[in-house]
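Listed next: structures, encoded as structure tokens.
Two complexes follow with chain A in common, the first pairing it with chain B and the second with chain C.
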Partner chain A sequence: MRKTLSFLFSLWKTNLLSAMEYRVAFLLQVFGMMLNNAFYFLFWVIFFDRFEQVNGWALEDMFMLFGVVAVAFGAGTYLFGNALHLAGIIANGELDYYLSLPKPVLLHMLASRSVASSAGDFLYGLFSFVVAIVVTGEFSTGMLARYLLACVAAMAVVVGFLVLVQSLAFWIGNASLLTGNAVNAIITFSLYPITLFDGTAKLLLFTVIPAAFVGALPAQFVRTFDWASLGQLLLGAIVFLGLAIVVFYRGLRRYESGSAIQVRM
Partner chain B sequence: MSAIQVRNLHKTFQTKRKAAGFGGSLRALWKPDLHPVEAVREISFQMEQGELLGFIGPNGAGKSTTIKILTGILHPTGGEASVLGFVPWQERQKLAYQIGTVFGQRPQLWYHLPAVDTFYLFGKIYEMEEKALRQRIGYLSEAFEIEHLLETPVRKLSLGQRMRCEVAASLLHKPRLLLLDEPSIGLDVVAKQRIRETIRRMNEEEGVGVLLTSHDAGDIEALCKRVIIINHGEIIYQDKVSALKRRYLTSKQVDVRYSNALEPDFAIPGVEMLKVGTFGAKLRFDVRETPVERVMAALASAGSLVDVTVSDPSLEEVIRTIYES
Partner chain C sequence: MRVELTRPAAKYWAILRTQLQNSFAYPLDLLARSVTILLFLWVFVNLWRVTYGAMGSQRIAGLSLADTMWYLLMAEAVMLSKRDLSKDISDQVKDGSVAYLLNKPFNFILYHFAAGLGDSLLVFATNLLLGGALVWWLVGPPPGVLGWAAAVLAALLALLLDFCISALIGLAAFIAEEVSAFRWIYQKFLLVLGGLLIPLDFFPEWLQNVSRALPFAWIVYGPARLFVDPSAARLADVLLHQMGWLVGTGLAVALFYRWVVGQLTINGG
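Right after this comes the complex of A and B.
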């Protein structure tokens, strides 16, 4: 475990060093993404200014929701950035590099890229969490611990879902379009108030597009502790990560490599 | 114990065929036309510890597929293989600690970073002690003459410099076996020579076995003691390099240019004149019948030499000769 962590930290450090070779581009991407999130959130500020509540969901809930989703998505795609590129990596035969080195191929591959703009998501998420605390006036160390746990669980679902969808590339070849749709769907639905959905739609958000595990459920858990939410959170994280690992390694047996010329960025 | 043992190794890929144009794409969407392609067909061979073995063949012959199976990257369709006592596709991680790999078309160095950063990352990947890693980097950078290149971003290195750093990276963890897939691809003559010399030195000093694939017969001639030639997924020849040279690498081709005009009927006895121009000629001769020095002396006496290039027969010619014989 210690060796694995040390290896992961080295990879993340190398990613950062690589990004810092182009400092201005890196910083522009980080601040650009923060600005992008702020403009997106402005829509909800205007919306709740007019309607105040949607089935009991208010602006402070949106701050907390953004606080969790942006941190989970930002941390997930910064630390495991290749989760966004896995389909292309499989289709282009780029797994060869990871398969020729003595580390778990999925973990190594995922952590070998950090998406610079994700750092912007992460920072914006933290900012949104702080705003939620200020607006509601609620804060305790327990809440902070729940926030950390909720973000880690949501991050596990995000990464697991991305790996799961993109591993389809082992069977269907180029799954990039499908991946793009899946990423958009999970981001979009995780940022909507969960109270908008019920019945089948809600079921879909806990299964096919597990946006509820990334947004509403962890956000509610941060504000109020209950064992059922904790159980659901952990179960969601374990199921989606577990499924992702199983499907990826099943697919890996079908891996056909390739002969394209590549570079390691 | 053998370093590599391969028995009846077989690999078949399913490839999709599609007629040209939009109609073809639509038909392929509705009913894909899948065909099996046998990349490797029942090959068997053995390699001893510390041996320098050449694995050559033209593009698409099955060399890279074989190397990828032997490193655990690909699962074979059939057959058996053991590399340093491990079944590669079942014990990939354990095997990876014992072998080094270089794929000419797949750099392992991080493109935007200096090579030394990748070296330190590899130290973590192979779980090396900090002090041992530093010593190893020092030793390899001296051996590969890359001390002055270590802190330059890889994107700024020439292909030859980058390849020296690539091979050095693959040797950081003192592997027992080095698998090199086309390490000299795209390199000029001088860069090729430097890579070959360093690989030979590492073999002599550390006893690391080398399995080298190439479509350049010169790599094998300069480095290996034994050679396997593969074509269309089948081994068509395996023997000592000296035997290959004696039997098949017997002819030399010479391209020569002069500053003065040549006689139109310029010829050398025992030499096939492929082309004679005003200021140059292309000729071929069999070294068993016509000594090299006699040809060179005749060429030198024909005029004022500007340039001379001597080359071996291409691999395709060697393979053709093997088939014909």
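Right after this comes the complex of A and C.
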């Protein structure tokens, strides 16, 4: 376990150092993404300015929601950046490189890339969380601990879901469009108040597109502790990560490559 | 296929047609691209049903729930059909393939425009068809023929205007190389100030005035609002704004293109 963690830290350090080689481009992407998220959030500012509440949700709830989703998505795709590119890696036979090395294939492959703009998502999420605290005036160390736990659980669901969907490339070949739609779906649904959706839709958001585990549920858990929410959060994280690992390694048995020569720099 | 390459329009027509045929060749890809519009429209119908319910009124700023949904259909159809030319151009600058396109017997900018339009047209039609079926099922029948005609005309000009702004962002890659941040922010301007997520009519008055003074509203809001209210006055207003912005941005693209190509150095290879 310690060896694996140390390996992961080495990979993340290498990713950061290589990003620092193109410092201006990296910073442009980070701050660009923060601005991008802020402009997107303007929609909710305008919306709640006009309508005040939607089924019990107000602007401060949206700050908290963005605080969780952006941190979870940002951390997940920064630390495990290849989760966004897995389908292409499988389809192009680029898993060969990881298979030939004595490290856990999935973990090694996922952590081998850090998406620069995801660091912007992460920072924006922290900013949104701070704004939520300022606006509501609610803060405690317990809340901070719940926030950290909720973000880690939501991150596990994001990464698990991305790996799960993209592993379909082992069976169907080119899964890039499916992947694009799945990523769109989980981001879109996680950034809307869950009270907009009725029973059937809610069931879908806890299963097929697990956006509720990424947005509404962790955000609610941060604001108020209850054992049921904690149980659901942990269960969601374990189930989606577990499923992702099982499906990926099942698919890996079917993996074939064309022995293409690949150069990694 | 016989193409008379000496006639400039024929060259670009051939590029547009080739791209169109390419889209027809992959019907499943086309359908998969249109899944996104169904997803967004389904979220929107939930959001606006709840909002109209909470307000307890049939109309908000003159728009009924059905009007709002048909507005959002047209807005999303334009937004999800347009080709992201700024990414195409900046990718070509970054990977060096721009060198191979610049020495071809066509204008680099017009080539991208023809290819982009060819790619967008079929996606636009599919988005309207699939999204329209969903909206019809959820909130009732679409606006009349006049609305369709006016909105489609304005949508074509909107694609052109978007192309000019995207080209400016893409060409910036000749100087800044990494233009993703500009692209994202432009998209978010379209989302919010363009009226993609919420009709401008729901904005406070000062923000409506600011949005109307910027080009983004004439790419999204203009065609979408015309769709649900195709009056002659609105048509004239939308077209005039679009033409004005097209002249301005088109001129900027031509000048900027001439300048960046003049600065470009290509080293063999």
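Everything below uses one rule, namely that the second predicted complex is superposed on the first by the 259 of 265 C-alpha atoms of A that agree within 3 Å, B and C clash if a C-alpha of one lies under 4 Å from a C-alpha of the other, contacts with A are read in each partner's own complex, and residues count from 1 in each chain.
Following the convention adopted for this analysis, a residue touches a chain if its C-beta (ideal position, glycine included) is under 8 Å from a C-beta of that chain, and two chains touch if they have at least 3 such contacts.
Keep in mind it's a predicted model, so treat the numbers as computed, not measured.
Asker: Once the two structures are overlaid on chain A, check if chain B and chain C clash or fit side by side.
Answerer: Because the two structures are overlaid on the shared chain, the partners are seen to fit without clashing.
Asker: Is A:196 touching anything from chain B or chain C once the two structures are fitted on A? First, second, both or neither.
Answerer: Once the two structures are laid over each other on A, A:196 reaches chain C alone.
Asker: Taking C-alpha centres, what angle do chain B and chain C open up at chain A, rounded to the nearest 10 degrees?
Answerer: Between chain B and chain C, as viewed from chain A: 90 degrees.
Asker: Let me test your reading of the model: by the given contact rule, A:11 touches which partner, first (chain B), second (chain C), both or neither?
Answerer: first
Asker: Tell me the contact category for A:208 with respect to chain B and chain C: first, second, both or neither.
Answerer: Neither: A:208 stays clear of chain B and chain C.
Asker: Let me test your reading of the model: by the given contact rule, A:36 touches which partner, first (chain B), second (chain C), both or neither?
Answerer: second
Asker: A:148 in the overlay: touching chain B, chain C, both, or neither? Say first, second, both or neither.
Answerer: In the superposition, A:148 contacts neither chain B nor chain C.
Asker: After superposition on the shared chain, which partner residues are touched by A:3: those of chain B (first), chain C (second), both, or neither?
Answerer: first
Asker: Per the contact definition in the header, classify A:96: touching chain B only (first), chain C only (second), both, or neither.
Answerer: So A:96 only meets chain B here.
Asker: What does the superposition give for the shortest Cα distance from chain B to chain C, in Å?
Answerer: Minimum C-alpha separation, chain B to chain C, in the superposed model is 6 Å.
Asker: Once the two structures are fitted together, what part of chain A is touched by chain B and by chain C alike?
Answerer: Correct list for chain A: 22.
Asker: Please name which positions on chain B make contact with chain A in the complex.
Answerer: Counting only chain B, the residues touching chain A are 13, 64-65, 68, 71-75, 92-94, 96-97, 101, 103, 105-113, 117-118, 120-121, 124-127, 153.
Asker: Using the touch rule from the top, collect the residues of chain C that touch chain A in their complex.
Answerer: 29, 32-33, 35-36, 39-40, 43, 46-47, 50-51, 54-55, 176-178, 180-182, 184-185, 187-189, 191-192, 197-198, 202-204, 207
Asker: Could you please specify the touching residues of chain A with respect to chain B in the complex?
Answerer: 3, 6-7, 10-11, 14, 17-18, 21-22, 95-97, 99-104, 108, 253, 255-257, 259-265
Asker: Note which residues of chain A are touching chain C in the complex, please.
Answerer: 22, 24-25, 28-29, 31-33, 35-36, 39-40, 42-43, 46-47, 49-51, 53-55, 117, 177-178, 180-181, 184-185, 188-189, 192, 195-197, 201
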